[in-house]
Amino acid sequence: MSKGTVVLAYSGGLDTSCILVWLKEEGYDVITFLANIGQEEDFDAAKKKAESLGAKKVFIEDLRAEFVEEFIWPSVQASAIYEDRYLLGTSVARPCIARRQIQIARQEGAQYVSHGATGKGNDQIRFELTCYALYPEVKVSSVFPSPSSHAPADLYLMTKSPEDAPNSPDVLEIEFKKGVPIKVTHIKEGKSKDTPLDIFSYLNEIGGRHGVGRIDIVENRFIGMKSRGIYETPGGTILYHAHLDIETFTLDREVRRIKQGLGVKFAEMLYNGFWYSPECEFVRHCIDKSQESVDGKVQLSVFKGQVYILGRESPKSLYNEELVSMDVQGDYDPCDASGFIKINAVRLREHHRLQGEHRSKH
Amino acid sequence: MSKGTVVLAYSGGLDTSCILVWLKEEGYDVITFLANIGQEEDFDAAKKKAESLGAKKVFIEDLRAEFVEEFIWPSVQASAIYEDRYLLGTSVARPCIARRQIQIARQEGAQYVSHGATGKGNDQIRFELTCYALYPEVKVSSVFPSPSSHAPADLYLMTKSPEDAPNSPDVLEIEFKKGVPIKVTHIKEGKSKDTPLDIFSYLNEIGGRHGVGRIDIVENRFIGMKSRGIYETPGGTILYHAHLDIETFTLDREVRRIKQGLGVKFAEMLYNGFWYSPECEFVRHCIDKSQESVDGKVQLSVFKGQVYILGRESPKSLYNEELVSMDVQGDYDPCDASGFIKINAVRLREHHRLQGEHRSKH
Amino acid sequence: MSKGTVVLAYSGGLDTSCILVWLKEEGYDVITFLANIGQEEDFDAAKKKAESLGAKKVFIEDLRAEFVEEFIWPSVQASAIYEDRYLLGTSVARPCIARRQIQIARQEGAQYVSHGATGKGNDQIRFELTCYALYPEVKVSSVFPSPSSHAPADLYLMTKSPEDAPNSPDVLEIEFKKGVPIKVTHIKEGKSKDTPLDIFSYLNEIGGRHGVGRIDIVENRFIGMKSRGIYETPGGTILYHAHLDIETFTLDREVRRIKQGLGVKFAEMLYNGFWYSPECEFVRHCIDKSQESVDGKVQLSVFKGQVYILGRESPKSLYNEELVSMDVQGDYDPCDASGFIKINAVRLREHHRLQGEHRSKH
Amino acid sequence: MSKGTVVLAYSGGLDTSCILVWLKEEGYDVITFLANIGQEEDFDAAKKKAESLGAKKVFIEDLRAEFVEEFIWPSVQASAIYEDRYLLGTSVARPCIARRQIQIARQEGAQYVSHGATGKGNDQIRFELTCYALYPEVKVSSVFPSPSSHAPADLYLMTKSPEDAPNSPDVLEIEFKKGVPIKVTHIKEGKSKDTPLDIFSYLNEIGGRHGVGRIDIVENRFIGMKSRGIYETPGGTILYHAHLDIETFTLDREVRRIKQGLGVKFAEMLYNGFWYSPECEFVRHCIDKSQESVDGKVQLSVFKGQVYILGRESPKSLYNEELVSMDVQGDYDPCDASGFIKINAVRLREHHRLQGEHRSKH
């Protein structure tokens, strides 16, 4: 008699195949689930392998469109970046995959979920927190088979080395609406893309060709250790720069400042696996609200590992060329600036006087 | 009879020459002051011009060493960056120059200071706030002569275009002590520099050669307008990346998080002209304290406008390769991770249950 | 011929009467405006005086209901408190009054507004920023007549001294919906109020009777000086405590933490006069969003200057008595706590080891 | 043969006595440790009981002076308050007690420590995190004997009910130096105290007599549950108010604002058990630095559960009565305020214009 049903996040690789076998030996029915979020993978082979190892059912699901729209786009709006460098590409995949796995578990009446994320990694936490949040009664079966010596987990698969990148740039225009890209155009070739998945895939392709978005860092994990991470985020890096530019152009300074603080918090939640938490829902709502006026187009060039902003335009810009120009004063009176400065100096002068008094006394 | 003495920040250019003449006509004695903070300038010609226009005294001072050590180094420690992009190169020069000008004013018994910064710019504020803070009784004579049509203020003087940059990288090693660079070595050439001024000049040279640190942005000024800024900070950009890397490597995660927030505040103070304020003194002290363990060496390559971190080492690193490795468990028990995750999930599960209850009721 | 029309915020007192006369002498048509936001005032007498001094029109408007609903309620949601003590009662009145004044100015075709707030006060800033924000082309005519020696501006008008307060408490129950009070009931007397204005007036009455909400502080003004402020906020103080209690009871910990930071920012904006700013609109939206689940009832007693929380209940509480109890473990496993602690200790232990190494080496 | 030595935090009560017996039965040598941090306790009886139950050694230590000076004083400087209400009295005792316990364990060569804190409480976390931080190799033996039904843990022991408090206030003057109380004087009685322990004990006595500092709250625990807490902090409450007053009086506005943010973080660390962490050390250092000018005297009255500030004086105050007065203008020019306001309004007016344009277009 079966001990119950487990939905296993299955990759087709050695580790999760071992887990599959082990779970069956322990007496569980095993349903495997493999998500397509854009990675290179032989999905057919994985299906066959799972079946041959005794999986009761095999789910292979294309989550690419929802991954881009529901998970990557909010991260772009947030300018989400962990510890000033990591664009959270792998972190953001986890809640998307686990959400679907939980839907399958509920629909198939499975009480258990399992995965192959190792015991020290952030991915275990991201996976399990999502499961508990969305299916509080679920039981997580964490199996840690003695890992086979495997090839380094992280290689650059999407990006060329900047040194081998083309000697001339590609110039793009990205159009944003409410802080989200709605169209990308290759200026010279006239080609353009306008669905979330197409836009993101195209930016990955262009960024990859020019070696954009590689980092080799030491980062602080949620569990308190430092560890080395090697990442490539070609499309994400282009979007980060383009969004930052259009945002500064269109957003009020003080709104941006508050939103910047919320973005830092959002990045930490995302990194630590709290996408499905009340605070992350709240912060996503606030960030989305902040982006209402972030509309416009950014022109940029991608070249030898770098993204260069060339220009920007917006129907909603707060940038007023006339007001800023030195020649046209409008209703700006230089005298006001003096008053502004003197009032700002009141506090500084008092501070200095007080310090001076104390210095002269002692 | 003289109306009093003015110390004028004099550049030798048309604007400040006009101010000089105008101040004399108004009946002031004028002392001119020109600071060398590393810019390209014909200091002799400026001296002669000031004298020929009737300056009572002419001060030309080399502030380069103190500029690097007392103003740039603390900004490096802080990872000071305004609105996520601008490294504050020109902002940080202002308090350095104005401090010396105030010293001259006090020493020469001058009641007035003057400058040529225009009425809408941040530089006027930075200049005047420093003057009031350090010499509360001073009178600032702001003169805004009708500006001659002049060449664009900001051209790239220090950096080549990345497209014209060499086709092979320069590889450097930078050594830090308490978050401050103490030595830079060109790995292939074996050349090294070890005074603050030499280090910074050398990084400007290498960065400039490879087109590092150019930005063309729209930024939010203190006075509430958006304006375009074109900046180049080759050495500063290299230091920003190298420091960020060694800091993440050596600093505790939570200390770094708090320090990151202080750094954002510091950048705003710096941008807005509040270097000499009680809050900026306080924050500089705290940031300096945070850097006590930021010691080590970073290897990096500079190439086509980009800085690539190649590696890092430190006697004080919290990075424990053994602890992090999957194979050696040490006293790390995977079971603990499960407990850690379950406790973190308590709140999420309760939240979900409560929402579920409400959904099912209504 | 008239120089134009001014809408003057008129109190009926000596200062604004002088301004009225002066404006007329200068050749302006003057419309006076007096808002009733709940203060003790002889509105009829003020009307007659304005007319007798030559006001072209006299507006006297009852803004009490909109003041409570649109300005005080959001401040209650925010737990708005400046420098940890001041509940911002007077600050929050300013944008409400100035908004109506601007509406009158637009409707009457007036290009000017004026007021009697003195040149050093926060109220001038609050008033004028609101005017500029809502009517960017308006001209503010700031007149500073040499102030007559007047009685101290702030006396305790609403509150008894706690020493003279009754020797037995009043016990109230306040019901909240989305962080806003919707009903107050006097438990013993069975009396209850359920419109915003009635609720707030009643809490002022009860709080005033028991001497609640008096403070005598030194505060930091926006213009950089410290100044003494004497305030009484009886109803606001009761609401502050009751709201804090129901909020902590119903809000997720982490949402509350973020909201707390936003509340501090909101209080500063309010104090400094930025109610009508993009950042304040944004923050009010976010805070309002955070309050979606802040529903429930708080029982409290008011006695001798103090508010004591007696209990609370809520249909949406995250407080789970079963879960919290030591006897019923539910799915809470003490072993998880050990894992949780050990993982949290990883970072601390590494830190200590590293320090120990350095100590033993040097 | 002994399995090793355990140092047990022993209270003399039933729970820790059971643990003692159980540990001995398991084969451990047990050393008991009981700290005196000011609680009511029969230390002699506890000693005898421990010996009779087979403790190998019994340590009873008076930690009161170091508790006040090294743990409470920094919390006063920080204005440490958790979730806006809880003054962290019990939280701050934990690291003090555990530190001494670890010293004993090291000195006695014990590899184990144990305690009676229950598995769901914050106290377990605070205790164990301190142990791991100070003695990374230690093993914590958490024993959770089925708890006997015991009386409610928290009763008001130190404070009278405000209703039963005296009908006339006590008036005190507290003198601060660098944000720390150095003397308290009873104005009428002329009595004064000037050591940390005496000051704190005296304030507990006075506050207790007047029913100051009782709260009955629901709080958010570190492990993610909400739980009810009943606390009394009479002396701490008086110090909180007095310190807040002298701090606002003497500290620069912007320094205080930054310090306020650090204080919130400090309170969370303290609550969650991270006193001995790199971030808490760092924050304590920064807060201590911020207090350099917090010198002066505060007069206050304690009455019926409340603390009323009556006045304050300081040699270092930034409060300049002349500057603030309306009659003496000094070098304050009302015109400057207009300039200050207009510049602050630039952003608001642009925002409004842009919104207006969009409204009129669509």
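So that you can tell them apart, the chains are marked A, B, C and D in the order they are listed, and the count of residues begins at 1 in each.
Note that a contact is a pair of C-beta atoms (placed from the backbone, for glycine too) under 8 Å apart; a residue touches a chain by one contact, two chains touch by 3 or more.
The structure displayed is predicted, hence computed values, not measured ones.
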Comparing which residue numbers chain A and chain B contribute to their contact, where sharing over half means same and under half means different, the two sides are same
Counting C-beta pairs in contact, which comes out ahead: A-C or C-D?
-> C-D
Can you give the whole-Å distance between the Cα centres of chain A and chain C?
-> 38
Where the centres are mean C-alpha positions, what is the separation of chain C from chain D, in Å?
-> 29
Of all residues in chain D, the ones touching two or more other chains | 223-225, 252-254, 277-278, 318, 320, 323, 332, 337-338, 340, 342-348, 350-351
Could you classify the connectivity of these chains, where an edge means two chains touch, as line, ring, star, complete or other?
-> complete
Write out the stretch or stretches of chain A touching chain D in their complex.
-> 252-254, 316, 318, 320, 323, 332-333, 335-340, 342-344, 346-347, 350-351, 354, 358
Chain D partner contacts - residues on chain B that touch it in the complex = 223-225, 252, 254-255, 257-259, 261-262, 265, 277-279, 282-283, 285-286, 289-290, 343-348, 350
Show which residues of chain B lie in contact with chain A when the two form their complex.
-> 79, 83-85, 118-120, 124-125, 128-129, 132-134, 136, 140, 142, 144, 147, 162-163, 169, 214-220, 223-228, 244-245, 248-249, 253, 256, 260, 264, 274, 276-278, 303-306, 308-310, 312, 317-320, 323-324, 326-327, 332, 334, 337-338, 340-342, 344-345, 347-349, 351-353
